[in-house]
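Take a look at the structures listed below.
You will see two complexes here that share chain A, one where it goes with chain B and one where it goes with chain C.
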Partner chain A sequence: MSSTVTETAPAERAAGPAPARPLAARPAGSRTRWLWAAPPLAGLGLVFLYPLALVVRQSLTPDTGGPFAAYAEVFGSTAFREALWTTVWLAVAATAGCLVLGFVLALVIAFVPFPGARAVARFVDVFLSFPSFLITLALLFVYGTVGMANGMWTDLTGEPEGPFRFLATPWGVLLAEITYFTPFVMRPLLAAFSQLDTAQLEAASVLGARPGRIVRQVILPEALPALAAGGSLVLVLCLNEFGIVLFTGAKGVTTLPMLVYGKAILESDYPAACVAAVVNIAVSVGLFGLYRVVGKRAGA
Partner chain B sequence: MSGIRFDSVSVAYHGTTVLDALDLTVEPGEVMALLGPSGSGKTTALRAVAGFVTPAAGRILIGGRDVTGLPPYRRGIGMVVQQYALFPHLRVQDNVEFGLRARKEPKAEIPARAAEALEMTGMAGYARRYPRELSGGQQQRVAIARALAIRPQVLLLDEPLSALDAQLRSGMLAELARLHRELPDVSMLYVTHDQVEALTLADRIAVMDRARLQDCGTPQQLYRAPRTEFTASFVGQANLLPVTVADTAGAALFDGRTLTVDTGTAAPGTTATLCVRPHLLALGAGPDALHGPNALHGRLGEVQWRGATHRLYVDVAGHRVAADLPELRETPTPGTEVTLHFAPRDAVLLAAGAGA
Partner chain C sequence: MLVHSKAGRWAAWSLFLFLFLPLFALPLLVVVAASFATHWSGALPSGPTGANYGAAVRGESLRALTTSLVTALVSSLLALTAGTWAALAAQALRKGARRVMDALFVLPVAVPSVVVGLAVLVAFSRPPLLLNGTATIVVLAHTVLVTAFAYQSVSAALVRLDPAYEQAAASLGARPGHVLWRVKIPLLLPSLNAAAGLCFALSMGELSATMMLYPPDWMPLPVRIFAATDRGSLFTGSALAVVLMATTLLVLAAFSRIRTRASYR
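Here is the complex of A and B:
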């Protein structure tokens, strides 16, 4: 996960502080302002942008072959196109799953009074600090080939093998990603719910609204910003997820980060790895941007 | 036409009784104010009617129907709270239509009925606004319109004016009184800690303190003839003096002097509390004042000018007696001896321990 975060961060930051807006307005003060801004900008460029530029350059003009040769080769391969598709649909599906599951769980924790609700809310915070492969490891214990579920099945039926072998399929990756990333949606939601005026919920219920209508028409509209924040975070994290895909040991599931890893480390094909990485960044930023635009339209 | 009836309603939170066996009936079309300090149980009583708190014992009836076990959305009541509780993402029109939609009123009627409710509260011109674009007073009008749009038989108002500044408050008070005249069938339960609101608006006032109903009556009854010391000091201001009922009828002893008051059924020799309102005290003049009827003799402690009146604090036999006098041309100097008088019919004798 840590490796993937640094991949997207430069792209986002590059767009951020670059334009110094009031430059023309006050020429006298602008010089000192630049003095302040220059060192961190230079540091940022050296640490983040320069290596990124190297990756982009390597992808465009590889050491061997002409310009764009690597792109043509990579885009031509079925493995790449499949990885691209797998990456996108897994990330979108996992985000959707996390939003639905996270919303429902956060609703229950925030509004259904049960003993231990606060403890559960705290656990969500702790969960955020877990490494992503841990949850995959835990799922292996439950649904793995020799896991508990299959063990119970073989014990009960006497058959040599259990039926649960979806963990090595994209569905296994999806399950693991939803399980791991749902708390990332719940955290901002729980914060938003704690800000919600309970008097509004009471007013709605006195006016004749049943719980379902209150959730749809009072709670959901006010939770949209939090949903958008959690969803965009999860979307980007899922697009770049590496640990979970690696740990499910899913041989049939290759995502872009896996492809980068395979090309660079296993095949030493750096131009191809760089092309995949550039595409990965483009997809991340593109989908993230699209998500924000759609989110804004929806009123978040 | 439907009223509200509390039938020995008790509510407890974590073992603490916050409402103790309340018996109270709000007649159809009546405005009942629940008046009391914070923690007196008045808001709990209102929330029990709304269905937000479940009574530990007793029943709540609306229009003769037992609603104790019904969820809030099936009680069909209107409610207005201190902080308006409008839905921030909905326009004024949609806020008012919310209840009509939730109650599945015929779709064709909904806009007209919302417009009618907004018209009633003078907010028809603001239908396209969002709540954040309105002032506090306007938001509260929208909240009232939203509550009235579903045409409830019972309207619950929980400190509805407490978030408004003093000037707006008196305007809204008049507005609520007008709404009550226009909607004579709607029973209102009005929770407040402000005696002016209760005295102005209510047909009857229920005075609450420490989870219990202390007193209930028309504003005039409670003001002129309070039954308990708490009512006397909470509804209007009161000087409370410990007296002993004298052997002769219609007399009580205070600080060795005989005062002429209506002793009613109080037994001679028993102790009681005499209640005299500050504005019913007069300042005695000249040497004769000392020997006039119902004289309270003491040393002047403090004089406060309050525009139309002067407030005098007089130390009478260790009791601080307040007197509101029409603006004085010559104010007596603090430290001098003064005498206050009151007419026998202006004092009320409260039996000791009543309502405590």
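Here is the complex of A and C:
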């Protein structure tokens, strides 16, 4: 992904009927331009915005009671409050973990290169094209009740059961989310690092700065936009993550998306599902808006 | 080079391996290993077998695979068409209007996929458009989800496009439609191809929205993997997962072959 240069300058270039774009590059009148934009907008409205509006409406029209009865009921239930809290803290913790881990890994790939570093970078790209639930499935074999880690423990100590049983707890979900989403932080970071002028590093190093100081004072400031952009994307993706939690099969871990699924499909309580959905949208879209603003400002 | 001493470099590399191998390489290896096994009670899997794959490529599972392939191909084609159209139309708009369009088309990324599934289910289970229980509703939901990504990558490519080409064509008297078809689209082909690959991979692995609305006779592979692991058949599930990963990678490799040829033209 190439960024900075390419994404800021042409945006200004395309900003309006400026002298830089003469003649027929902009031949159509304002009405024709809107006419071309209308079909995709209408399609989006029909298959996405109208359904969303219906969800909001359904959340306000429960089977019994006034318009906000479903909200009152859902907000009053401990299950919902716990789900909201679990969702938020899991997402925040996973994002923090991804940022730290992604920064360290990208740092080594970019600045302490080793034979095969490019292959690792490619592997990261491949990793992104797999669905998230594969990670939970894999963790079941690594840390599950019958799995690698517990198997090794029982082989070594002779005890009947191993000590690793955190998979069905929020910690298992946290581990899976950090594993799956770290590449989403590494990719923009690697792109940013590849544009960093290595002469700066050499200069700092020749002048006697230790690696720790170079990372803190030269690399980190350059990486901040990429970190901010990647981090906020991961935050939103974690808030919306469903597959990882579903595959954990843990009754103890309920996040907002799980609550939506449970209410709608397992309990057929659509108004409650819609309320949870509206809350989930509010949290995610709010944070995603923040991501776009931060990303735009940082030019990432 | 950040670390100059040999010892420091080795320390950095071992830290890297220590973090990277267990977190990223191990999960994939473990799934592949489990797909060839019947038991896993020690440090390593036992009971090597190919039977999991035998079950994974016939009957219901094969149907799930073709269902996933058809869904992913159709929805990525639809998404690519809609996303490209929208991105082209948005580029012609004024800055403020373009921002609105950007926000609207990227919104499905921010809305949880489960909620997209719920919304599509709620909207198309009532009279004007009754799609509940059909394959169409699954394809529709996937299309909504991946169009956002198609739109994003095509708009990014449009911004990078050198306007000199279309200006040259236009100044030589080419009509807008001709410029679009003979200049812009060919220049965009590599990015369109990359976007198609992305959409395909996302749709192949989509689980959240699908869980909300799949009908029994249109069950994509991820749902089937969940069904297998949910009833405890972890090893069958792993074989299905490997089939899913391999198919996705094969199709992506095919896409990138086309891409390199397109970019050499």
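One rule holds in what follows: the second predicted complex is superposed on the first by the 254 of 300 C-alpha atoms of A that agree within 3 Å, B and C clash if a C-alpha of one lies under 4 Å from a C-alpha of the other, contacts with A are read in each partner's own complex, and residues count from 1 in each chain.
To be clear about the criterion, a contact is a pair of C-beta atoms (placed from the backbone, for glycine too) under 8 Å apart; a residue touches a chain by one contact, two chains touch by 3 or more.
Owing to the predicted nature of the structure, the values given are computational and were not obtained by experimental measurement.
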Chain A residues touched by each partner, larger count belonging to chain B or chain C: C
Scan A:S205 for contacts with chain B and chain C and give back first, second, both or neither. both
Taking the superposition on A as described, I'd like to know which of chain B and chain C A:L174 touches: first, second, both or neither. neither
Considering only touches as defined above, state whether A:F130 meets chain B (first), chain C (second), both or neither. second
Looking at A:V253 after the superposition, I want to know if it touches chain B, chain C, both of them or none. Which is it: first, second, both, neither? neither
A:D197 in the overlay: touching chain B, chain C, both, or neither? Say first, second, both or neither. first
Go through the superposed model and pick first if A:P221 touches only chain B, second if only chain C, both, or neither. first
Touch test for A:V112: chain B only (first), chain C only (second), both, or neither? second
Which chain A residues lie in the overlap of the chain B contact set and the chain C contact set? 205
Interface residues, chain A side, partner chain C - complex: 2, 6-7, 10-11, 13-16, 20-28, 30, 33-34, 36-37, 39-41, 43-44, 47-52, 54-55, 58, 101, 104-105, 107-109, 111-114, 120, 123-124, 126-127, 129-135, 137-142, 146-148, 151-152, 154-155, 178-179, 182-183, 198, 201, 205, 211, 214-215, 219, 236, 239-240, 242-243, 246-247, 249, 256-257, 260-261, 264-265, 270, 273-274, 277, 280-281, 284-285, 287-289, 292
What does chain A use to touch chain B in their complex? 197, 199-200, 202-210, 213, 217-218, 221-222, 299
Touching residues of chain C toward chain A in the complex: what are they? 1-4, 8-9, 12-13, 15-16, 19-20, 23-28, 30-31, 33-34, 40-45, 82, 85-86, 88-95, 97, 101, 103-116, 118-124, 140, 143-144, 147, 156, 159-161, 163, 166-167, 170-171, 174-176, 179, 198, 201, 204-208, 211-212, 222, 225-226, 229-230, 234, 237-238, 241, 244-245, 248-249, 252
For chain B, which residues count as touching chain A in their complex? 50-52, 71-79, 81, 83, 85-89, 98-99, 102-103, 143, 146-147, 150, 156
